[in-house]
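Look for chain A in each of the two complexes below; its partner is chain B in the first and chain C in the second.
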Partner chain A sequence: MSEPHQIVFRRAVIALAGGPADARIVQLVSELGRPVKADIVAVHVVEIGWSLPLDADIAGRSEEAQQILDLAEATAEESKMRLEPILLQARDVGAALVDEATERSADLLVLGLPYRKRFGGDFAIGRTIPYVLKNAPCAVWVVRDPITEEAS
Partner chain B sequence: MTGGGQPQRGRKLADRRVRVERPHAPYFRYAGPGQLVAKAAASAATTPSGRLFARVRAFLFGRPLAMEEEATERLPKKQALAIFSSDAISSSAYATEEILRVLVLAGSAAILVSIQIAIAISVLLAVVALSYRQVCRAYPNGGGAYAVARENIGSLASLVAAAGLLIDYVMTVAVSTASAIAQTYSVFPSIFDIRVGVAVLAIALITIANLRGLRESGNIFAVPTYLFLGLALLMVGVGVFRVVTGTAVDVSQADAAPFGTQEFGLFLLLKAFASGSVALTGTEAVANGVPAFKPPESKNAANTLVAMAVLLGVLFIGITVVADGFGILPTREGGQTVVALVATVVFGANSPLFYAFQGATALILFLAANTSFNAFPRLAALLAEDGYMPRQFSFRGDRLAFSWGIVLLAAIAAGLLALFGGETHALIPLYSVGVFLCFTLSQAGMVRHWFNERSSGWAWRATINAIGAILTGVVLVVVAGVKFFDGAYLVVILIPTLVLMMLFIHRQYARSARELSVRPEFVAQAPAREERVIVPVPGINRAVIQAVNVGRSISDDVRAVFIFEDPQAVEAVRVGWERQVPGVPLVVIESPYRALAGPLIAYLDVLDTAWPAGKPAPITFVVIPEYVAKSWWERLLYNQSARRLRTMLLGRPHTVVVNVPYRREDPEAFEPGRLPGTSGG
Partner chain C sequence: MFVLVVGGGKVGYYLAKELIESGHEVVVMEKDRARADQIADEIGSIVVAHDGCEGKYLGQAGCARANIVAAVTGDDEDNLVICQMAKHHFDVPRTIARVNNPKNEDLFRHLGVDEIISPTRMILGAIEQDIPVHELLHLAALGEGELEIIEAHLQSGSPAIGRAVGDISMPQGCSLFAVVRDGIATPLRPDMTLKVGDKVIAIGPSECEALLHEQLIGGDSEAVSAR
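Our next item is the complex of A and B:
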């Protein structure tokens, strides 16, 4: 039997969308990053429509956006890890994530793929994940929500 | 808030992004809409002296723990046995001696009944342990006799139980420490002269250990407890074997207490029983500390209680049998203890095992006090939550320990030890009354509990508790009766005094709660009362101008009051005021008697009197300018008058005192060309 493959990354960027998948991916990356003392950056991007200036005071006033990052920080601390929470405003979420990962020389970008129960239940892959998969310079993990028996 | 930063460019021209500042993040965490949770940094000291103090505290007591870390501060059974049982188990080190000290008064023949007395006390222990097992299961939130009596008998009975328990815990610390010192000077007689100092030092060390928190205490106390248990069981095993096989021979004691000539009758027998029943003290600690156990709390606590009772019974009877078999008698003051003599005959004088046992006995006795350091603060916190003790007792310190209770217990026990000269026998008569009072109330309460609940098996459960209540009630009467003039009368006086004190505190809290309560149907409206501002000024300076501006932001009706002693200076101040602070009238009051606060308050009274009778009284804001001192010694130089004035104005009707601190860091606001009160930037 071969030895289990050692997953190694030094700097991971986690994309937070504000759903239940956030805690799961933060916990996963924290557990895997702890042995190698990896740097973890949690990024939440608030998309700003073209009708507003990009630096409009939107995310700073949003308690919801702040809470997403604070919860991620608390989840990481439960796994004895620290993460750097980053709040961004951008026109396109996928582009902001890729640019942030590039600028920070991240070797891993992790995104959650939520399961939508409405309209019969499906994985809403949207446009962010395909963009990141196509453009990110580093490894990309897409962590899928588990499908409960009830949902399936 | 985007921080005013330039948008960062991405790989493509349109892919720009803006980083948003999060000013709350270092100090707070959002836990929900409009709900912030403070981080440790929010409570961090900001001054150099504060940081130094915090470092010293962290060194002594450990880093502060968050409330969410409490779940990890639960005790596994092995640690819980060490913490909650050290009191009960360690009493086997002196209970036999207490019996022998009474019996010796009636001559050598009376000594022979010591084993029967020990067995009788152990039967009582079994009944009490069985009864308390039921308390653990019925009351998973702990509280012991207090909680049981409160729920089933009534508040007065529960307060009597609480008073008895509080006294019991204090006595446990004092008696255990005194007995530990006695074990120590059994080996090192030179310690006898400094026993009180050593005892106080030991209490101080246990206090620090407890202020550090529960889990670390468990680690500190587990090793000596298990070392004592191992060695004591070995000693009893070897000793009983020698007694049974007939190889035990009477020891010759040069310093044995002389036999008395008292008649051996029922009174002496009961007195010996009452003295030996000190072995039962601490049995309730497990029932009080159920919430400290790991889940399932009740089951773990009940099993720990049984283990404790079995170990205590075996050791108590065993030591008594060995002492009797070897003809060991208690010694004169300053001599070896009975248990030290037993260790000498079993292990051999000056043998390594003898020293190890004496060391372990002294340690467990020092640490038995820890049982009370866990139980007393918890009970005090329960009483404080119910409004019978000052609320501070329910506040948790940095390490989640009830710091106030710990410190109070240490202070009283240390004082008691100093008062009684560190003598175990002098303290024992004060000990048992409170304990048996609690046992009786608790068991009686449990009988009512089962009758009210009538759950499965309630009849036999009620029977066990009823037998426990009757037995402990009889022992209570015996203990209080035979030891009354030896010191038990002090407890008989102290318990009602404590109950009255707790009732007084409760009444005070109830009254203030009534006075502060808001009716559910009341809806707060914006105030319609007029407001006026009075600024007491010592002249014109930056602090005064800042205070006047704050006053102007409160109301248009602002007037400054200048109280003076020197008429020569008034005109200059008045002219300067009209020129530099236009629009704010200056009232000057001459004070030939050099008082400041008195004339100001009198002026406020005059304003109130002059207010039209038909209108609601206005709210008077007294805005006091203050200069912020940077260091502790500067505080001695400034704001003394302001402090006095503030104290005198507190409680004045319709008056609000506002302190306006002026910081020297913002002087640019007063530079020429700037508007005072506006910030730079």
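Our next item is the complex of A and C:
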């Protein structure tokens, strides 16, 4: 029987959306990245509508955004890993994540996906994940939340 | 400069592309989701996939902070509504509308659209320059359309042929200011005599067109616009 294949990545970008999936993906990437001392960048993107200029001071003032990054840092520390927290504001979350992964030459981009259904019962994947899957130059992992009774 | 382009057809697409290349901030509104996705794939995340005729969505697209709104859909009615809302509800400093049916131009102008672009007129004007069926050609409108720059192509039989410019009686508020002869533009002087083939450039209110035609071309008034 062959050895189990070891997952190797050197630089991962984690997309933080502020939901329960954040802790799960930070923990996962931290655990898998520790043996190879991978660089981990945690990115939270604040989407700015077109009614405001892109450089409007929104993200910097957001306590919620800061808490999301703090929580991610604390979760990584529990796994004895450090991550670089990044707060961005952009017109489109997907495009910002792909740009960040590209600029940092990341070999992995990880996103969490809450289990949600649209009105009518169809599973909702949103627009960020399809965009990232289509455009990211690196490997992409999507970690879906478990189905809860409430969501199903 | 922040430009809101409403309509993601060929005109809107290339307009947005050129503006982005010139360093402007641009957002395109396109109500057809598939077309909106196609534009986003090609130019980036600058597309709002909603109907620009609805004020709520115009607001979401940043109309209130737009320096220019260009309504370039294929429907004149939509373009008029978009420019009206942009101008009167969102106080946009400059509105530009594509007018497909030349008969709608006056209505657009009357309702306060700042700039009117009529591709039909432009093509017609280009055709007329080569094949002068009409002898008066509207080159441009000045101000809010109250003054026109008009070209008169003098053919044999014109009452102006052989006459000095100073002898031609011009309608009130209208003046002849240049002549294009053998491809060279020259300012008109009162002693200059007009010849067959001259292209006389006049400026004046549009109501003077009939009198101008009578003096320079002769016969019934008929004109076409090159705008």
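We adopt the following convention: the second predicted complex is superposed on the first by the 140 of 152 C-alpha atoms of A that agree within 3 Å, B and C clash if a C-alpha of one lies under 4 Å from a C-alpha of the other, contacts with A are read in each partner's own complex, and residues count from 1 in each chain.
Following the convention adopted for this analysis, a residue touches a chain if its C-beta (ideal position, glycine included) is under 8 Å from a C-beta of that chain, and two chains touch if they have at least 3 such contacts.
This is a predicted model, so every value here is computed, not measured.
Colleague: Will chain C clash with chain B on chain A after the two structures are superposed, or do they fit?
Modeller: fit
Colleague: Thinking of the overlay built on chain A, is A:45 touched by chain B (first), by chain C (second), by both, or by neither?
Modeller: The first partner, chain B, only.
Colleague: State whether A:87 touches chain B only (first), chain C only (second), both chains, or neither.
Modeller: Touch partner of A:87: chain B, not chain C.
Colleague: Go through the superposed model and pick first if A:69 touches only chain B, second if only chain C, both, or neither.
Modeller: Once the two structures are laid over each other on A, A:69 reaches chain B alone.
Colleague: Chain B and chain C, closest CA-CA distance after overlay, in Å?
Modeller: In this superposition, no C-alpha atom of chain B lies closer than 5 Å to one of chain C.
Colleague: What residues on chain A does chain C touch that chain B touches too?
Modeller: Touching chain B and chain C on chain A: residues 54, 91-92, 95.
Colleague: Residues of chain A touching chain B in their complex?
Modeller: Within the complex, chain A touches chain B at residues 45-46, 54-57, 59-61, 63-67, 69-71, 73-74, 85-92, 95-96, 98-100, 102-103, 135.
Colleague: Would you mind writing out the residues of chain A in touch with chain C in their complex?
Modeller: Chain A residues touching chain C: 49-54, 91-92, 94-95.
Colleague: Can you tell me which positions in chain C touch chain A when the two form their complex?
Modeller: Touch list, chain C to chain A: 2, 25, 27, 44-46, 48, 59-62, 64-65.
Colleague: Spell out the residues on chain B that touch chain A in their complex, using ranges where they run on.
Modeller: Interface residues on chain B, with respect to chain A: 1-2, 4-5, 7-8, 10-12, 14-22, 24-25, 29-34.
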